[in-house]
Amino acid sequence: MQATDTKRRSKLACPDELNHHLRDGMRIMFGGFMGVGTPERLVAAILRHGARRLTLIGNDTAFPHSGVGPLIASGQVERVITSHIGTNPVTGRKMLAGQIAVELVPQGTLAERIRCGGAGLGGVLTPTGVGTMVAEGKMRQLIDGREYLLELPLRAELAILHAKRADQAGNLVYERAARNFNPLMALAADKVIAEVEEIVDTGEIDPDQVMTPGILVDHLILAESH
Amino acid sequence: MQATDTKRRSKLACPDELNHHLRDGMRIMFGGFMGVGTPERLVAAILRHGARRLTLIGNDTAFPHSGVGPLIASGQVERVITSHIGTNPVTGRKMLAGQIAVELVPQGTLAERIRCGGAGLGGVLTPTGVGTMVAEGKMRQLIDGREYLLELPLRAELAILHAKRADQAGNLVYERAARNFNPLMALAADKVIAEVEEIVDTGEIDPDQVMTPGILVDHLILAESH
Amino acid sequence: MDAKTRIARRVAQELHDGDVVNLGIGLPTLVAHHLPSNIEVCLQSENGFIGLAPLTGEPEPGLVNAGGQPCGLAPGGAMFDSAMSFALIRGGHVDVTVLGGLQVDQHGNLANWMVPDKMIPGMGGAMDLVTGAKRVIVAMEHCTKDGAPRLLERCTLPLTAAARVSLVVTELAVFSCDRGRFTLEELAPGVDLATLAARTGAGFDLALPAAAHHRNSLRSMC
Amino acid sequence: MDAKTRIARRVAQELHDGDVVNLGIGLPTLVAHHLPSNIEVCLQSENGFIGLAPLTGEPEPGLVNAGGQPCGLAPGGAMFDSAMSFALIRGGHVDVTVLGGLQVDQHGNLANWMVPDKMIPGMGGAMDLVTGAKRVIVAMEHCTKDGAPRLLERCTLPLTAAARVSLVVTELAVFSCDRGRFTLEELAPGVDLATLAARTGAGFDLALPAAAHHRNSLRSMC
């Protein structure tokens, strides 16, 4: 059985690690809700790298100068799949100008679609959106006399997450409402990079308190100290 | 806003509380995996109460003398929806004798069906069971060229859970592998009663470490000290 | 007392001790400040927790409400991820959701998430909340800034959810929605029926005297 | 060395450093004791954690493997609920699952969860594991106690999953399943082709010499 005393690898990487995983036209999921729980250092790294024609998937586009907002402003984003753009007027302006495509998804449906993508599920039936524009073009299904919409999985090539604490094995612990979409996206991307405020030795986090198992995380980047 | 200094109600109840919620023919979900994470004191209370024609929903029927095993032996159970009965030969014997109906559900599908029932979802598409007996009678759906089965929600009138620790408000923390189906069932039953090893004052559990929010739990029963 | 405060106060009276309540951004947030002193409710915040409370003292990292503003956490609060947050919302574990509205119609339809070609913020969690909460209360000013009625026979803006609104509270009146008609439950002090009718874009029934024992407030206000 | 140990040792050689592996109850559990010393794998336990390790010292409350037996937890382990456990399994986050089998056929079908009218333990997590793991290895004795072959052209018992088996390891041989045929990858020491063919209920191809650079072990053993 795996020896508990062999060398333990660390997933800690230097901030440039992200560059190896970026390319034009890729789909990126980002954790966060109004920027809270968004890995700002990784967002800055994407800005510096300059990858273009990106599709971003996340709850909202935050504010012009926080969260993923700067990526919207920089013109690197071609498409956003999100539940809300109201706090970032740049997204709205670019959408109306035809510079960014915005697919609006109800927040709970967005969570379930990402979860499906990560959990090997082919889709989920939700009552949310029945009788609204959201239902257009979707398969409907009556279950026990109630109507549901079939919502399909979402996956991405890369997920960028933010966590409070990690161990070297990549186990993550989130703090307060910064958890939000992060644990779901950890399941739903080919490559998962987490920005963390603190890294501790493997074994120092109580296994009961891990919120994202380390096997889902490829690389850890330390958030800049403030 | 809710005053933080008003009286805080406690959900702690006496063990007889369960009697008010039992009736013949009801559906009961029980947490646990091979009996680990099953509320043994609540199982004993059902035995004493004598409610009959029960439908039990849970991962497995444990062993003849642990977990929900004694309820199988007592003849109170008419039907079981479960993934595994192999460790309890009594279940198998009663099934072959036509005394208990057993609906076998793949474990991951059982988890998703309960989650759907608790999350207001109408069903979920899973690849598990395609090409097997499990697919019989189920709607099939091709998504991106892969075949999935539509699996429907499960709910119950009562869920009996086991947790390590609760606060008076009903927030639950599970220990190790005793978590299993408990958090899912907390969402999926009309009434939720949790047996806990320890109760602490409201506010003593770090909100980040709560695994089942107290709003889902109706009553707490203290496990007998050993 | 301004219109928004009046609305928030009135909505607060609809909440019951022990309710799990989600309050939308803006006007609905004010409801929290007008709860009767003898009830305690648990506020759910769709960004991932129960136990939303006013900020007292220093802001905590990561502790923000669904508008992204620093907030507090009541004792007994619990944090979770977005899937769990909406499992609670969609699964009927939230007793009451209070939202703002652009339009509500007599069929219980609500429109509050976009104005085509003009304002498209997105639905955020509103569609799930209106679909999943046990009771949907819309808290809004009776007319638009231009004086156009917001209570209509049929919404003209894209819907948030169909046939889910239970109660509409404005600064002029309280209406319930049931069986395809508005029912006037209450008139605000100093408002007469003719004024109300003129500012309302749909007909409405009066709460029947026979049902008045359920509607003490109407009796006392009319 | 008995048949089961031989099988477990051989399966262990299929695992790679860093793999996330689920080992079924019974024979597959033995694989953990034969891992090469230069690799480290992470064992997933479908009752809700990663980091399954042998029990050392006192049993911890609630810490049991998927067979309900007390076990240990490696540093870096993490616990979760059953929905998350199967999200990992179904979602392709488990690299290898090793399971016992009653029958495997040349189409990659596996039957291992019931014998009608005789033994119906239920599928537990097996259907999800076989459907979702990136690689499915069946570890079983080559024939039944009665000497009937378990490797068949077509399974006669109810399937666990269709066309998902990658490799079958028995005490006599190692077969891969691909394009509707078994391919013999390896013969155990002292076993000849005629004996193998007599005990196997399906035809099989020999691994082509052209592909032998991928199959050094076959070349060395034949």
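Points to keep in mind about this one:
Letters A, B, C and D name the chains as they come in the text, with residue numbers starting at 1 for each one.
In this text, a residue touches a chain if its C-beta (ideal position, glycine included) is under 8 Å from a C-beta of that chain, and two chains touch if they have at least 3 such contacts.
Model, not experiment: these values are computed from the prediction.
Looking at the partners of chain B and chain D together, the chains they share are A. Distance from the chain C centre to the chain D centre is 56 Å, each centre being the mean of its Cα atoms. Averaging C-alpha coordinates per chain places the centre of chain A 30 Å away from that of chain C. In chain A, the residues that reach two or more other chains under the touch definition are 112, 115, 120-121, 126-127, 174-176, 179, 207-208. In chain C, the residues touching two or more other chains are 49, 73, 79-80, 86, 89-90, 131-132.
Because contacts link the chains in a way that matches no line, ring, star or complete pattern, their graph is best described as other.
Touching pairs of chains, sorted by label, consist of A-B, A-C, A-D, B-C, B-D.
The touching residues of chain D, when paired with chain A in their complex, are 18, 20, 32-33, 35, 37, 40-44, 49-51, 53-54, 73-80, 84, 86-93, 131-132.
Against chain A, in their complex, chain B makes its touches with residues 112, 116, 120-127, 141, 143, 146, 148, 150, 152-153, 173-176, 179, 207-209.
Across the complex, chain A meets chain D through its residues 1-4, 6, 8-9, 115, 118-121, 167-169, 171, 187, 202-203, 207-208, 210, 213-216. Those residues of chain C lying in contact with chain A across their complex are 45-49, 60-64, 66-68, 73, 79-83, 85-86, 89-90, 109, 117, 120-128, 131-132, 158-163. Listing the residues of chain B that touch chain D in their complex gives 33-37, 59-60, 62-63, 82-87, 92, 95-96, 102, 104, 106-112, 115, 126-134, 164, 174-184, 211.
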